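Next come two complexes, and both contain chain A; in the first it sits with chain B, in the second with chain C.
What follows is the complex of A and B.
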């Protein structure tokens, strides 16, 4: 697998790409906190937040709808909030029967449900944009500057580095299983074939477990080799980066501007 | 394409600010303890090991087995990580996995990451290690059986905590979210248990030295056995109660002043808790909220101290 198969970074020359990663992480987090603080039904503030998001999209030169296109990921979770439609007392809007129970959607319930979805949708878009305009190692470096303990950022850096390697290992294991477990040849659907391969569900689960154990051993041994190789190259407990990451005046202005916008958003949401 | 999201990752927007912050405080304190313990007991050698192990958990979550009708089961890994790496290292590894899932794939939010780490990384590790450790002298069959139960319970505990957080945030109705979440995760947990048990069996067979029993003294496990046991009891007793009688749990929460925590506008973070001398102003509730968080922080700090002293 190519090393950047997991990467969400999009290389571009833009204002947002050049911004210090600390600023980007900070503004993203403040934006998400601000969304959580906005009251239900603060439509103008939600609209304003979306405009800010639009501005960020444009500044990133990735296209105004870049984050929108990738924002569906949080949607399945909306199912979990669906009960507020019926559970908050208010003026009934419409009702229907399902499985012998009458469900009544109230106006207060609808307001809350839509507000939860909008908050989530705005927040996830900013997070999507963050990784699209920041290289992951820079992101980790920013976290380090923002006082995330070094042991955690180092583990995350290693995780990111070896994710591709171990994913390749998994694909090798999965391919081997698929080619050796007795599949029914000639069946049309691949899924059906995989389902019939081997024996029952318990047996398949056991094989998956064995593979996980096997992967563990290979990873363990590999980590030993990696450590020795690092020692040989002079590793002394710290990872270095070539990027200096200095805050320039434009970074300070951008932070001040973003925070002012977010305060304005809160003000609009309340009055 | 490579990556199937697990249903426990809460996105941003679904938890209230108060619930998110309280979870972050608990998570941060536990991780602080984990970091100081790990720094003391392990050398720098362990850091690359933990990094590669985090990548292992991430990759192992891709190993799936077909169940039926196009669905498949796969590993979450919290219990397995704690059993093979020890509880503190397991927690750090799971934290890294959840952080990368949130940062890189937006699977789980940033503000709610504290809650996600707590549900899927910390509680699962405590249950997994605590229960497994409680039978450290027994035969292989008993050990594997207990590991399976622990893996199942760890998934159930994650689902229960997620449901409670969603309910306290006013996002879901208790009477629906608990039976739905626990029902689904009772099945997911079975897959988790099967994979965990056979992975452990495989490791025990091929490299028993890696699951070294003598590496930690018998005394060190006591705190974990207690913690794992208590959380398991909490799950075992609260789940049926909450499913059968959600009104009962709601009454208890109401009496404790939890309910409606996030259901109203954020300036009424704890509606009943206003400070008399500030009157019923926004400032008053913000200060009250801050005091609430501080109290939770102190309690968790004391609990953490106690656990540290014991272990």
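What follows is the complex of A and C.
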């Protein structure tokens, strides 16, 4: 069984798919930094950023709402910012009691909270789009070209390659546990208990611990075998790659256009 | 089970060992388990040799010695070169080692990068690397898979790519660890045809006795860290007492 649950790349023929991965990574990073730099309550700039995002969605031919739909899962993480609602001094809007403490929501807090929500939401969407239109190996190449240290890109590449192997391994372990978590004939144990595999919480925790240990040992031994396979093909501590990417004039134009748009966005946000 | 040491019982073709000479190789793992107890073996240009024996006989350990990943006591010579620290890089290019689990062998994101890994680390120029990758993929009939991601392939496809990753180094000795394990009949058949057509000296460890019978004129039987028989496959496979004594079956 293959587990491709993490593969978010969508194979399509589009302008964005054809663009050099360096351009895409660079523009995404600048877009995210620009979002973070926009002042609170810069609604026009946020709107402008969203239009830019919409344009990217359309250029990717994945449908204008593609990144919107995917971004919903990431949104709960932005709720970490909920504390700013109460912690920034300003005009009180409303207050409520919880656990004996009075929480007061201020107007400045609300403004900052909504701004943070919009910023992270815009940034997450662009990242989602980047991963959807760029094959992962190309992303790694782009990082290499952008002078990210080789050790980091190598770790990311291995992580990506073996994430799938490891999840397969986890699911095999889980399946093996499930198929041996039965009940004695005639016992009254109900199906939902069998599905939760076995006895009490403690017992299950112990089994889960064993499985984590197993997984660690297997991964450790696998890393040994992989290293041997690398040695066998002449690895001596340095990784070499061939990069088929070449910046074409359209890539330069796209970069210039995107950076101009992002500067305009900053200008709108500040004046 | 007592192990009887029969040697020279079978009329093996005379061979001076111009590709590989292993002389009295001994190796113990760090936990004290001794895996090789004096293995001697010679391979000549064009030999296709099966290495059979029960699990734990030392087949994989022997294979890991052939390009210096493990270092036991005794001599290993590849193409007349003694295996030592200085000529380790050259020997690693001469001996193409294919591991049993292709997921261990294919560690790069794409097929192209994996096949290019060996030639790139040999320091070859880019054009040469590219032509070697194309030739290696052509040899295993996987040219269409050049830009695919390794984790999306089936086991049979991964196996063939794994073989391509060492063919691209143009080795003079191909060493395969259980290549047919876990393959369905069609993938196995494709692999057999592939191995038959490759004009390279090869040493293949396997439990697949039908494969041995079909593909390899010469067979080496190992048990308990020793070579217990070395000769013509047709004769070894007829010697049922020998096969039974070492946990093997007549195909």
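Note that the second predicted complex is superposed on the first by the 217 of 271 C-alpha atoms of A that agree within 3 Å, B and C clash if a C-alpha of one lies under 4 Å from a C-alpha of the other, contacts with A are read in each partner's own complex, and residues count from 1 in each chain.
The working rule: contacts are C-beta pairs under 8 Å (C-beta built on N, C-alpha and C of every residue); 3 or more make two chains touch, one makes a residue touch a chain.
None of the values given here were measured: they were computed from a predicted structure.
Visitor: Return first, second, both or neither, reflecting whether A:63 touches chain B, chain C, both chains, or no partner chain.
Guide: neither
Visitor: Please work out whether A:47 is in contact with chain B alone, chain C alone, both, or neither, and reply first, second, both or neither.
Guide: In the superposition, A:47 contacts neither chain B nor chain C.
Visitor: Count the residues of chain A touched by chain B and by chain C, then name the partner with the higher count.
Guide: Partner touching more chain A residues in the overlay: B.
Visitor: Is A:137 in contact with chain B, with chain C, with both, or with neither (first, second, both, neither)?
Guide: second
Visitor: Return first, second, both or neither, reflecting whether A:92 touches chain B, chain C, both chains, or no partner chain.
Guide: neither
Visitor: So, does A:166 touch the first partner chain B, the second partner chain C, both, or neither?
Guide: first
Visitor: Who does A:158 touch here: chain B (first), chain C (second), both, or neither?
Guide: both
Visitor: Can A:219 be said to touch chain B (first), chain C (second), both, or neither?
Guide: Only chain B is touched by A:219; chain C is not.
Visitor: Starting from the residues of chain A touching chain B, keep only those that also touch chain C in the other complex, and list them.
Guide: 136, 157-158, 160-162, 165, 222, 226, 230, 236
Visitor: Flag every residue of chain A that touches chain B in the complex, lowest number first.
Guide: Of all residues in chain A, those touching chain B are 5-6, 8, 28-29, 32-33, 35-40, 70, 73-74, 76-77, 80-81, 83-84, 86-88, 112, 116-124, 127-128, 130-131, 136, 139, 149, 151-152, 154-163, 165-167, 169-170, 173-174, 191, 194-195, 201-202, 204-217, 219-220, 222-224, 226-227, 230, 236-237, 270.
Visitor: With touch defined as at the start, can you tell me which chain C residues reach chain A in the complex?
Guide: My answer: residues 64, 67, 69, 89, 92-93, 95-97, 99, 101, 103-110, 113, 116-118, 120-122, 126, 129-130, 149-152, 165-166, 169.
Visitor: In their shared complex, at which residues does chain A touch chain C?
Guide: Listed in rising order, the residues are 2, 4, 135-137, 140, 157-158, 160-162, 164-165, 222, 225-226, 228-236, 240-242.
Visitor: For chain B, which residues count as touching chain A in their complex?
Guide: Per the touch definition, chain B meets chain A at residues 2-3, 5, 9-17, 20, 31, 35, 38-39, 44-45, 47-56, 58-60, 62-68, 70, 73-75, 80, 84, 92-93, 95-97, 99-100, 102-107, 109-111, 166, 170-173, 176-177, 191, 194-203, 206-207, 210, 263, 265-267.
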